[in-house]
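Next come the structures, one after another.
Presented sequentially are two complexes of chain A, the first with chain B as partner and the second with chain C.
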Partner chain A sequence: MPRCATFLMLAAFLLARSLAGQTQVSGVRDLAFGIVIAGVPTTVAPTDPVKSGQFYLRYVTGGRVRVRLTLPTTLNRVGGGGTMPISFRNGDAFILGTAPGSVPNPFNPGGMLNYRFTGSPDANLYLGGRVTPAAATPSGTYTAPVILTATFF
Partner chain B sequence: MVIAPHTVYIDHRSRSASITLYNPGATSVEVAISSIFAYPITDSAGQFALFTPDSLDPSMPSAADWIEAFPKRVLIAPLQRQTVRLLARPPQGLVDGEYWARLVISAKGGAAPATEADTTGISIGLTIEIRSIIPLTYRKGALKTGLSVSELRSTPAGDSLVVSARLVRQGTAAYIGTVKGTLLNPAGKAVAKFEEPIAVYYEVAPTFALGTAGLPPGSYRLQLDFLSERPDIAPELLLRAPPVRDSLEVRLP
Partner chain C sequence: MSKFMKYAVAVAAATSLTAAAAQAQSGNINAKATVLAPITIAQGAELDFGNVLPGVNSTVAASSGATAGRFDLTGVSGANVNVSFTLPANLTSGANSLPIGSWTACHNTSASQAGCTGFTPSAGTTSANFVSGALYVYMGGTVSPAGLQPAGLYQANVTLNAAYF
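And then the complex of A and B:
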């Protein structure tokens, strides 16, 4: 067997060992609304490959995780002086395993999701949403926290 | 945030353990570690949830109040790791047994970059906080565990078989192991399988899904095996228990 193939097999083995007993939840991509115009609602679909929010989760194959998203209803203007409604509807989030043949598992981001890592130890969670700025929305930066809680069983 | 290990065990003799946190991202994260008392239960649909009592009863085997993390808060730079020591300060006279907590590891990134304001003057930037909740087990003295299985049921649902069972832990410690489900055809050949980790602290009634796509209608035998082993947890940390098997005749439509 060529030496490089042996090295790659060893590296894969060591990587698998190092990943066996850990969890990972990471933000991959922020939910980005792009250009927002006062008075014009802006929607981002969870399937949007650029603007949707993306989280990466890793556990063990067959393991279960319960995911809860704590989402804002209002964005606050930095420095005060304004707010902007933000909303999330049923189907604005889905989770997708990385194993071949995995199918999206849509859910209401306002509720809980119980997910079983099937066929692979990792998955990606995608989040969409919409903002509805009023016509008189003052210019500025609007922000609010999004909390993702992952309970591993 | 990467957290290793995903299950923490502390022995009364050493009273300490550690976890490693790794920030795989491109920005620093502020991490806070705390502990709560909670244990897994199942809801009416067989889904796992955490039971977190409003107040602690003295009979509850909580370690949450006497587990301390050092440091409790830390800023982890991109691609850097941090070891967090967990020290236990159990009360005097702690009786032999197993005590539980859940570590809550909160990671806050910096404010997400606001989207371009462009000419409209409006930009949006959400801040992200990720909370990972993992189990912690503190053990004192000789402990035993086991499992009893009852009320094994199955229901065909589309191209799956939904399997449920009532699992009650035996002995003095939580049952941590693996459940292996097998569907056998009349010739005794395995035609479908599933395998998943299982944790029974008191009693749960989980549901499992077994893929049956492409299987011809007819009679099969569903077999569940519970083993006190986990490929993702070091064997010396697991309490051994006799294997448990239950089975059921099922009919696929």
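And then the complex of A and C:
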């Protein structure tokens, strides 16, 4: 193999290892609807400072990320015995960089988002949504996971 | 190595570089909610001052007596509830008003005034618990008829608001 190819391979390896050390995706806060009355739909706005879900992403300033959320369609009663629909609409999520003057970038959480880290190497993604419990929904705690998959470039 | 081969190796290496730079990570949170059956509120008894005399204050105690008002609430056993009131300043009879000088209240998890927990309904929100799925709220107060209070039947609505917390 020529030296230039070997060098490129080595560079690729080192770059991948270097970037892997700089990327971070973590869940910060659950999307918490709190107490919901059976038969009464309840909405949480992504701007809600307490109830909205929150993820933290970190890469490098100027880097790009493609974000995809795996969203549930129902919440499941802990211990079994019931489900409750949950839905998301366009604008129920936004990503916001941490640099001063960063502007929220709203998007449909059911789709994908391409984001560039501008002015800072990290950002927060906020998620809202709505649950529509039926009148006969059994009392109890309902939950389901929300997964954020981020591909960094 | 031919020029073509060198180019192919370089492209393969560059492709590898790009692929190595794109990497996926994931993070999790939960969506969660607590479903509770709706609170029901029923009128258990009216707050009845009975016959009052002009110029003589009349008081009904919340914690005793059959003329206290009562709200009957049901909710999920063990759930916390906040209770607040919309209280009239006067009872009215047509254009005439009969001032209510003060309000008293107490709540209990059984339909009994004995041992009920007193609170001031005009003070804002009061917290309680549906220990076994029921809550009874008793109301009392004092009316202050004027010396020249016109005769008549005076009444007004008292509204109780309840919400889980």
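In this section, the second predicted complex is superposed on the first by the 132 of 153 C-alpha atoms of A that agree within 3 Å, B and C clash if a C-alpha of one lies under 4 Å from a C-alpha of the other, contacts with A are read in each partner's own complex, and residues count from 1 in each chain.
Going forward, a residue touches a chain if its C-beta (ideal position, glycine included) is under 8 Å from a C-beta of that chain, and two chains touch if they have at least 3 such contacts.
Since the structure is predicted, the reported quantities are computational estimates derived from the model, not experimental observations.
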Inquiry  = Touch test for A:T151: chain B only (first), chain C only (second), both, or neither?
reply    = both
Inquiry  = Once the two complexes are aligned on chain A, which partner has more residues of chain A within touching range, chain B or chain C?
reply    = C
Ask   = Is A:N124 contacted by the first partner chain B, the second partner chain C, both or neither?
value = neither
Message = According to the stated criteria, A:G62 is in contact with first (chain B), second (chain C), both, or neither; which is it?
response = first
Message = Tell me the contact category for A:N114 with respect to chain B and chain C: first, second, both or neither.
response = first
Message = Tell me the contact category for A:T43 with respect to chain B and chain C: first, second, both or neither.
response = neither
Query = Just chain B (first), just chain C (second), both, or neither: which does A:Q22 touch?
reply = first
Request  = For A:Q54, decide between first (touching chain B), second (touching chain C), both and neither.
outcome  = second
Ask   = Residue overlap on chain A between the chain B contact set and the chain C contact set?
value = 20, 23-27, 30-38, 53, 55, 72, 75, 84, 131, 133, 137, 139-153
Inquiry  = Looking at the complex, which residues from chain B come into contact with chain A?
reply    = 1-7, 24-25, 40, 47-50, 102, 109, 111-118, 120-135, 194-197, 199, 209, 231-234
Message = Quick check: in the complex, which residue numbers of chain A touch chain C?
response = 1-2, 4-5, 8-9, 11-13, 15-16, 19-20, 23-40, 42, 53-56, 72, 75, 77, 82, 84, 86, 127, 129, 131, 133, 137-153
Of chain A, residues touching chain B in the complex = 20-27, 30-38, 53, 55, 58-60, 62-64, 66, 72, 75, 84, 112, 114, 116, 131, 133, 137, 139-153
Ask   = How about chain C: which of its residues touch chain A in the complex?
value = 1, 6, 9-10, 12-14, 16-17, 19-38, 76, 164-165
